[in-house]
Amino acid sequence: MIVEGKQKIWADYQKDIPDDHYFYVRSCIRQSFWPASEVTFLDIVRNKLGKDFYENEYHTTCGGIAYHSDSIPQETAMTIIARQFALMHESGYENYVCSCITSFGLYTETLETWHEFPELEAKIRQYLWDSCKKEFAKPKYLAHASDMIYKFRFDIAKQMKFPLVNVKTGKPLKVVEHIGCHYSKMFPSKGFGGAEYPHVLVGMIEAWGGEVVDYPERRHCCGFGFRQYFVQGNRGYSESNTYKKFESMEPYEPDLIITNCPGCPYFLDRWQYVIAEQTGKTYGKNGYGIPALTYEEVAGLVMGYDPWDLGLQMHQVAIEPLLEKMGIPYDPKKKYQGVNGKDLGQPQCPSCIKSV
Amino acid sequence: MKENIIIIGGGAAGMEAATQLQKLGLTPVIIEKSNALGGHIAQWDKLFPAFHNAKDVVSKMFDNVKDIKTYLNTEVTDIQRNADGFHAVLSNGEAIDGKAVVLATGFDLFKAERKQEYGYGIYNNVITSLELEKFFRTRKDERINNPKKIGFVHCVGARDVKVGNTYCSKVCCTTALKQACEMKEVFPEAEVYTFYMDLRMFGPGYEDLYLKTQKDYDVKCIRGRVCEVSEDMDGRLVIKAEDTLFGKPLRMTLDLLVLMCSMEKNKSIDKIQQQLGVENNSDGFMQNRDMYLGMNDSKQEGVFVAGTCTAPKSLPDTIGEARSVAVEVFNYVNNK
Amino acid sequence: MDFGFCLSPSSHVKMDSVDLTTFNRLKETNPDVNTCIACGSCTATCTAGNFTEMSFRRILLMLQRSKEEEAKKMIQRCMLCGKCTLVCPRGINIRKILLDITR
Amino acid sequence: MNNNIFHPFVLPFVLGMAFVLTYCVVGLIRVIWQLPKEDRKQFLISLVTPKTIWANIRDLFGDCLFHVKIWKRNPLLGYMHSSIAFGWFMIIVIGHVMLFTLKPLEGVEVEGFARSFTNFYYPIFYKHFATETPVFAFLMDFFLLMIISGILIAVVKKIYSKIVGVKRVTKFGFADNMVRFALWTIFPFRLIAEKSNIMAFWWLYSIDLMIFMCMLPFTRYMHIPTEALFILLRHAGLKAREPRKGFALAQLYSCPSCGLCIDACPMSVNDQKSGNTSAYFMKILRNGDMAEAQRIAETCLMCGKCVLVCPVSIESCDIKFSQRAAVPYEIHSDHSYLDVISTEAEHSGDPSGARAFTFGEKISTKPKTLYFAGCMTQLTPKIMRSMKQIMETAGENYDFLDKDGGVCCGRPMILSGKPAEAQAMIAKNTELIKQSGATKLVLSCPICYKVFKEEYHLEGIEILHHTQYIDELVKTGKLKVGKGEVNYVYHDPCELGRAFGVYDEPREVIENVGNLVKAKSEKVESICCGGSLGSFRLTQQERDEITQNSVDDLMFNKPDEIVTACPLCLKTFSKKSPVAVKDIAEVVVENLQANN
């Protein structure tokens, strides 16, 4: 591996991100899978970094799930998006940042399509007015939330309490980065580092002291794919893709997977359990599996947030071995306690993959 | 009659055109931007289809031009048309006048790093066809370390709308097979694979080379474009492609991957070309006046084109064009 | 545990572990197996191919892509009529190769 | 004269004779033993059947002694063989007759075993022991000189084989050369010994005989005793079943390696390939080199010419078939997919992919002809088109069985030594043909013709090759043709000519439409086009050489066009011929009269 070669590509694929004042929209899936991630993101950018990120209670889904599963036509999805942009405009913002990769891909696709086909844009402008009586507006700048953490990765590093280092050996943790397909595979120039060697997560890992693992199936999709997942009979296809990735990364003995897409951490996490149940195979040391975290969770961990406040108990793969490696203190008793100390109940332990 | 003819470019086309123009009684002047004549072909070891030494051909060309006025390390910085023809200012400060200009500016090799998925410049064992040619000449390349499995990827930067080149680069197929055979000669134990889209064996003896590649050298040709290259733990290359004839994707581990880089228009001449008013065609190469009967004329009077500046060409094609451009120039100068 | 789905086998041909014993044996006695250009003439003219999936071109590929069992199954359809050998533009002695595979 | 009845010089001969007799008896028992039970029974019955007894006697004399077949082919060679064989035979016979008519042992009392022992060598060396009468002396000298004259020709042939009209001769090893040398010298030594009575020559004569007889079983000369057995087995109507057992074994030893098949073999066009001819095949198989025998068996074009020119009538093609069949196959054919093919029209749209063959009206006042083009003809559409036009012009009620492709006739499977695996195809075609309701089956391909004639059971259906069919149409006036000016040469396809003797019908058809000129080699002698499906191993280049040779032969009298009656010959010749190559059907169509 010639790092200079990658650095050259990274330098070629940079984007100028406005420093401040963003309109923030959430992800449908993430709100239910990893609710703490978005909260942590807002807490970091607002309270730790002192930036202006505005949220509007009226924003909805971007329509991506329905669009990608062929439930709604493109015009409908575009009108939903136009409404989101109108909300941003009404709120006095012109920089749009979304939490979801599917949304980011769809927003980018939509903006590019409008650019290429102005007549379609005119049509959507009309639809928006007809349906919502809202005024059409386009963001001046579109970013994904991981772009923001990437941009502020060194600021976060300054406040870092637990770097991505194994406290017992002093060596950097081996971290697999997994980029959501729709981040830059469709429009390479829209992602940090481009499509082949994206830098958005690599930059975070390196800034926070970890060592990036580049393995043969790095580019491969986690296997989520709405159509694959929605139909039970097709889920084996989804699972097989995850399986392929794990088989490929296994020899590198990674400590952690970091992702920037709603579905990826969920499937990279849960399929480890399913694979273990079906084949008896587990990954990672001692049969615990390899934790797959969102970038906000990792940012929160290195900045010293309480693991349970970050919602890490929501992961199937036990997080405790990682916390111990990083030397992060945690109270095992609090793992299944709600915000008010209420007992949430302990999940049933799976038979194959180890849990604490 | 002694008329200056300004030849820009000292590669195969420029040298051969100059040789012929001199024989016709004109005074060619070669302006070459690098420090030696010979162009790309001088960097080549063997020529397809019969493995002739490129050196033999090039040294004969050198002999032919030894009495021709040649500027090395020199570029044309400005060129103006005047009543007698052209006035060119050179980067060394000199200026020359000529009756006609021959653009024999050749090609640039496609920058392999632009096809990022092949990992050129990122993975150690990904090299270009030109680098392999250098290895054949020098037998030195630390990346080529007794490889057991070698892959060749055709059409790198050609027939690829993603890099903006939709044309076929013409010579890469034959070159790949030639280099594949040569690799088998150097590393008889190695398995050699070529990943091709179509094997365009367009010239005499080329199809025989293909047959020989299959029969005598046991080179395995797989129809399908390599789409993804990664490195495994041992630093070997893991590639993915579809075997389109079999209808299944395949993956394999290679020790060396050679990228058959296409030809692109030499862009360093863009400014002069603009001054002369010579347009580009849709492939980005220089536009000639007519595909059949005016292939060496540009649309501008007194400006001629020869060799790979108008399209990817093989060496025999280029030499043929250089000779025909000499006749064109001769007729032009005499009829003026 | 039954999830109602399971891992689907990879469709990739794993060239690193492909077993070429049969193909290499064939190659020793029939060097022309290497010279196929996959034009498909053999398949198009095949008498058995009129009724089945029989394709000599694919059989050669199967032997090189770890699908030996499929190849052997396909080869059973052959009637040895020799049309393929007559139409092959590379002059491959297909009938002989087919016979040799079954030995 | 020496009146002793014994001298040590007879011992070498006695030893040799004892050895060869023992060997032959053991060999005879072995061959008979190896015959399959039913073959053995058939053989024994044939020995007492008057018809075969007569044929046996005729051929034993005609073939073994007089070499009638060689005479017919080449009188000089015939004389060479028969002078030696017949002369020697006569010397032995006369010698034994003398034993009874003379009293050479006067004054010596010899009885019992000693008497028999004496009889054993006496006629061979009698001149040393007794005096003969003038008549016998003349006869003995006459036949001895006759033998020596034959040997002289043999010596000349060895030095310059073209003098006797033979281009190539078999190349032999040490043992063969040794025995030949012994054979050549036996009789001159005898002559000298008899005339001079020098002891040394008696010794030489006897030792020569010993060498000849002791080495005989290990050389081609073993054919001398074996051929007699072979003639008996052949007349019993047996076929070779295993390449080195029973009947085949008898044939292997009956092959004199004379090499007549070498010149006849189309592969010999390239001298380097003459090792592929039957003479060598038999020798190699005899020596037990199975891999090489297999290679030659699979290389052979199976044109059958060597069988027809063989002076011993050895069925070498049958032996090659049995050799092909002896290869163990790991994978066997599975043609069960043919089961779904039917003649039912409703199957034609079947999503299962079942193919249906459809026939025209079954009930018709006119008898129906079924045309089966065959796989090879599918590659030569002009034959199919011509046949259609001929049948339509003649007003025939016909169906076209494999209009959209058919099932292979099964012959190629048989040619590859897998007769059992051809059965599925034979059964399917039989079923389809029977369902067509036709009374006449017309084939364009001689390859199909052979298998239909030999392996199919199509009772009530006349099987014709299209040459015969067209000849019939022309003769019955159903097809009116005009005679053109074109000079045609006709090539006899192996499996039509040599296999079935269909020589005249095509020639008569051609004479009706143009001028027939002769090829250099015709009918039995015609040379395979080189494209034969019979060979599995010949490379394209090797085939091309054969084709060129065959074309040159056809072009001998400078015809305007080459006419053949086999789609494979047509395709093969087209590549190499300097003139147009046409199928007979095509030529007929070109010369159809307008008032048909």
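For clarity, chains are labelled A, B, C and D in written order, and residue numbers in each chain start from 1.
Basically, a contact is a pair of C-beta atoms (placed from the backbone, for glycine too) under 8 Å apart; a residue touches a chain by one contact, two chains touch by 3 or more.
Values in this document were obtained by computation on a predicted structure and should not be read as measured data.
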Leading chain pair when contacts are tallied as C-beta pairs: C-D
Chain occupying the most central position, where position means C-alpha average: C
Chain A and chain C, separation of their C-alpha mean positions in angstrom: 46
Chain centre separation (chain B, chain D; CA means) in Å: 64
Averaged-CA centre spacing for the pair chain C and chain B, given as whole angstrom: 39
Centre-to-centre distance between chain D and chain A (centres being mean Cα positions), rounded to whole Å: 84
Chain-to-chain touches, reported pairwise for every pair that qualifies: A-B, A-C, B-C, C-D
Partner chain A, residues of chain C touching it in the complex: 1, 3-8, 10
Footprint of chain C on chain B - complex, ascending: 199, 211, 214-215, 218, 220, 223, 240, 243, 245-246, 248-253
Complex contact set, residues of chain C against chain D: 45, 47-48, 50-52, 72, 75-83, 86-87, 91, 93, 95-96, 99, 101-103
Partner chain B, residues of chain A touching it in the complex: 1-2, 4-6, 8-9, 194-197, 214-219, 251-252
Residue ranges of chain C touching chain B (in the complex, touch as defined): 11-16, 27, 31-32, 34-35, 37-38, 57-58, 61-62, 64-65, 90
